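Chain IDs A, B, C, D and E follow the sequence of writing; residue 1 opens each chain.
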Amino acid sequence: MINKTHEKYDLINIISLPTLVILSLLIIWQIITLILDIPKWLLPSPITILMEIYNNFSLLIRHSLVTIQEIFFGFIFALILGIALAISIDKSSVVEKSIYPLVIASQTIPIIAITPLLLVWIGYGIFTKIIIVALISFFPIVVNMVDGLRSTDISIEKMAITLGANKFQLLTLIRIPSSLPYLFSGMKIGISISVIGAVIGEWVGASSGLGYLMLQSAPRFQTSLVFASIFFLSIIGISLFTFIQVLEYKLVRWNRFSNY
Amino acid sequence: MINKTHEKYDLINIISLPTLVILSLLIIWQIITLILDIPKWLLPSPITILMEIYNNFSLLIRHSLVTIQEIFFGFIFALILGIALAISIDKSSVVEKSIYPLVIASQTIPIIAITPLLLVWIGYGIFTKIIIVALISFFPIVVNMVDGLRSTDISIEKMAITLGANKFQLLTLIRIPSSLPYLFSGMKIGISISVIGAVIGEWVGASSGLGYLMLQSAPRFQTSLVFASIFFLSIIGISLFTFIQVLEYKLVRWNRFSNY
Amino acid sequence: MAGDFFLKGITIISIENIKKTFMVKNNQIEVIGNINIQIKKGKFISFVGPSGCGKTTLLNIIAGLESPDSGRVIISSKPSKEMIGKIGYMHQKDGLLPWRNVIDNSVLGLEINGIKRTQAYEIVRPLMKQFGLSEFEEAMPWEISGGMRQRVALLRTVAYEPEVILLDEPFGALDALTREDLQFWLLQLYQKLNQTVIMITHDIEEALILSDKVCVLNDSPCSIVKNIDVPFEKSEKHRNTSNVEFAKLKSELSYAIRE
Amino acid sequence: MAGDFFLKGITIISIENIKKTFMVKNNQIEVIGNINIQIKKGKFISFVGPSGCGKTTLLNIIAGLESPDSGRVIISSKPSKEMIGKIGYMHQKDGLLPWRNVIDNSVLGLEINGIKRTQAYEIVRPLMKQFGLSEFEEAMPWEISGGMRQRVALLRTVAYEPEVILLDEPFGALDALTREDLQFWLLQLYQKLNQTVIMITHDIEEALILSDKVCVLNDSPCSIVKNIDVPFEKSEKHRNTSNVEFAKLKSELSYAIRE
Amino acid sequence: ESANSSNDTRENFNNISLALDWYPWSNHVGLFVAKEKGYYKDNNLDISIYTPSDPSNILQTVGSGKDDFGISYQTDVILAQAEGIPVTSVFAIVQHPLNSIITLKSSGINRPKDLEGKKVGYPGIPTEELLLNTVVEYDGGNIQKVELINVGYDLVKALISKKVDAIIGAYWVHESFIIEKQGLQVNVLKIEDWGVPDFYELVIVTNENTVKNNPELIRKFLDSTVKGYQYSIENPETGINIMKNSNPEIDTKLETAGIKLLLPLWNEKDILFGWQDKTRWKNLASWMLDKKLINNPVDLDKTFTNQFVETSNGGR
């Protein structure tokens, strides 16, 4: 009995409530645009955006697929690079003190400022976009993973050492598993901002993708198409975030019980 | 005795080694630009950049101060907003399910696409830049803080409950302290990318700041001034990151011992 | 006689038909079968029983931290859930806050109950001395030994003087001498304040020394197999270990556990 | 007589002039004064002493996990640091990996020593049964009781059959019955494999039942105040608790500790 | 460079890349028509067209040989040459400045002097600032009294949301039209009427090396391009529709309107399509030098050449 009602409540929570909140936000938005008579070129109303999506659905899907592809490869690349880098930073204080500042520096460089370099050296194919997605999303992964590795409980580590664990086993059996909760936070941040990475990548030079579509539409004052693209980008971002969260739930549920 | 040699080794580590690595990178860069005859308008050599910095030092400092100011206020704002949001998301699953997607969505919106909106509503002053910095840097803070709050050890929480802790005490005495290690990871990511937030903010509606300086130099193909600005941005980013890391070291050293 | 002894006074804790099942992977494990027990105000009860039989689970239910599948626990005429915070509970794991030093961990209960830090320090300092922790006020939890951690946890639980105290193996990590000191201290405390105490222990002697009543539990599922009222007066306790009756009770209990 | 007993066999562990000081805030605490002890191969040594005296610290130094400020520990003719991994050490805290279930925690030592998981399962399964953990193979650490956790930690330590075993209060969280079972099992194991065991305990009886030698430590700083060689044969152990000599030794030790 | 190295994959075919100054719009129609109708293919050219985010990047990619051709601005070519970027303009697409000062009619700003005490939005780049400077001073105004606001690239929004009173850096053939579409009336102040030397808004640039070593490639490219524009001039609406094939995002209505304004600016009568007048280059360069936009005089022979214009038009 108790379980049943609980489930029902959960269902309300998971589906109805957020839908309700978002729907009411959309309604408020609609009403505001109507009442304040906000012109469509500045902020289109939800209905206008919806119409735009309806009218350009296949166009939006086609561009979305390009963007998703860039995000996918870029993020995988970021993940591999980020984890590898985090492990080396964690392992060696030389690497930490010499590479970590460069990693931080890489985040402070506005990509737009180095587009000529990227274009000349890498071109405007998908590879540039993958690099930019990776460049943007690997940083949270590195920082969180380094902190995760460093949060490894000293007593657990000592225990493994007495069992004879070598450096490699310590890493794979103890440090990496215990860093997972942090890694997942980093991945969630990384995957969300990788969406913007793809857009910026497409901005550097592209002929397809949602970023391209947006920046094409903006100067034409097709603001509702811009918002339709943003809507698709958001859906992509939220889906990817949720996917990683589900994975996290499966893999690091133990996190809350570590001391018990 | 043992301590002494250790200290010495540390000193080598802290100062000499990274300097060496970075210096050799700069030398390689210099050599490459010389050998491949890379033109200065595409990628200036370190010496050229250094000369540029020397020649424009006061200019760079003046613009840096503006940018630092924007970062400072924007980040403080992001921190307050991020922590408050994380606490509400953690507390209420309704907030989580309805607001969290919006927060994620906010990260997938290319800021350039909504700057017109920001400008029209907020204007061209420093406030817009602060908002943009905050918008970019609050996300890692939220995600990490939420995960940090959720990583609170169940047994510790139960202990506090039996001592009579109410919801508020549970939050302030148990959950927030135990989320600090995560929060610091988020802050380190946030502060690093807030630098880019300030630059983006300055591309629109500014008349000073390093981003503005870059915007002025790039179309004139004064690439070495662009790189000089990037150099200053990196220094700012690395310094802020290091500052937070020192703070972290002071405040969450306990993290590694939680189970012991 | 024994029954008589326990009829005096008002019932403060009433445990009624408690049942509890856990799901581990796909197996349902019935941990607590059907436990009934009434505890009078000012009494000291010990639970002994095999490892994993469900003692901690029972204490969690009494404390209101876990819900039984059926049955209920009434404390001071209220469901135990509503009494959370009015019951001192020393968990089996010490649960010291890693970000607080020893004295700040000790005052946590007082602080939560609204007493200012500085004032709370004054309250716990004499206790710290008695617990042999004075030198370690400023030490962090990872800088003290296992036994010291346990003492800090005990101190934290009793410092704010709750009416009901639940103790889950409070002396498990202590040597005989320290243990005796603290047992004696605990006895005095509970007599002075007329607190009601439920203690889990593995040590039959300890149970007999401290308690008014010892309950023997067995496992699969956990239930009370024996109930012994300890007939010594509070004041004479702690000096009876060489007594013949004490030895008789001890072997009786050992026998009950072994069954 | 006692000295004689211990001159037989080759010294496997040699603890020489160990000193250790900790800094807590600004106070320097001398934890270990000057400890010297030689342990012969195949012997079982127990350390007893007051809580916080430095037993765990001493064991950490023997295991090579911590460096003494001066002095050294030699195990099998090597500095103990080089022997890390060849010594089984059961810590006071169980240190179970929260992301592994019971059986995967049990096989950790075997896995680290290069044995495949499936094969390791075969090795630990019979032990799991003996330890009363069979039903909980798949349970996660937070789903088992405190005593079970301790048993898993013990199992993990002995499963890969190291030559030297260090045990820090291995039975602290266990009830008398389970404790006896495991003590008996441990005795058999160490006789069979001729392992050298050092155990920390608070229980003098336990120390006498299991050990060839009991060392009494005292605190501030930690040093050996008494050394008792237990004169019972390995085979007759565990059945001598009612013996007169046993009682004599017990009171002798209690007295030493109380000093 | 890429033009030379990659032509052996498909015999005789040259893969060439073209970087656009802006997202495809009516001004680019000739290029897309030439591509779609196979005019490039006829000359054995396989063209790929893309848009980098920042138009000034084009001169760097073309200067480094990464891209073979680019669409850029005359001012930018001079700026690039001043910094030593080896780019040469080989063809003028638009014969006059499109850049202009745009205000709302309701603002009452009819001449540059009226901007005193007003806010002017600009995209934050130095050229625009100096254009305004020139225009205001030419009209006897005091530039100190004009408040310049960097509004980024969204000039129009800043104007019609009344955050600024005027904008500079917008095209009177594009933005003005967009504003009018919102039901507002605009005033356009053409900068060349107020003291700024007349210049070519859009030019086709290529690398100096290509001019020297592979003139044939340029000739072929321009030949095809001109054909594309000729076709579009004759059939503007079909041209836009053809363009939409490869750019489904474009708004046909908007671009059709835009192309009508552009037609007279491409191929002025009596002038060869693409021709660049040396005095106009000289005037602009000295204006830029005067305004300290560049620090040294540039070699005009390097900045542009007419050697390909005759042959590419000569076919007809």
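Following the convention adopted for this analysis, a residue touches a chain if its C-beta (ideal position, glycine included) is under 8 Å from a C-beta of that chain, and two chains touch if they have at least 3 such contacts.
Every value quoted in this text rests on a predicted model; they were computed, and no experiment measured them.
By the document's definition of touch, common neighbours of subunit A and subunit C comprise B, D. The interface carrying the most C-beta pairs in contact is the one between chains A-B. Remark: subunit A and subunit B have CA centroids separated by 17 Å (rounded to whole angstrom). With centres taken as mean Cα positions, subunit C sits 49 Å from subunit B. Between the Cα centres of subunit A and subunit E there is a gap of 37 Å.
Contacts with at least two other chains are made by residues 93, 95, 142 of subunit C.
The set of subunit B residues that touch two or more partner chains comprises 42, 112, 116, 120, 153-156, 218, 223, 255, 257-260. Touching of two or more other chains is recorded for residues 54, 60, 64, 154, 157, 161 of subunit E. Touching subunit B in their complex are the following residues of subunit A: 13-14, 17-18, 20-22, 25, 42-43, 93-94, 97-99, 101-102, 104-105, 107-110, 113-114, 116-117, 120, 139-140, 143-144, 147, 150-156, 181-182, 184-186, 188-189, 192-193, 195-196, 199-200, 203, 211, 214, 218, 226, 230, 233-234, 236-238, 241, 255-260. Across the interface of their complex, subunit B is touched by residues 54, 56, 59-60, 63-64, 76, 79-80, 82-85, 124-127, 148-152, 154, 157-158, 161, 163, 293 of subunit E.
Residues 60, 63, 65, 84-89, 91, 93, 95, 97-99, 108-109, 111-113, 140-142, 156-157, 160 of subunit D are the ones touching subunit A in the complex.
Taken together, the subunit C residues at the contact with subunit D in this complex read 22, 24-25, 27, 29, 48-52, 55-56, 92-93, 132, 135-136, 138-139, 143-148, 151, 169, 172-179, 202-204, 254, 257-258. Partner subunit A is touched in their complex by these residues of subunit E: 19, 22-25, 49-54, 57, 60-61, 64, 66-67, 153-154, 156-157, 160-161, 174, 178, 181-182, 247-251, 254.
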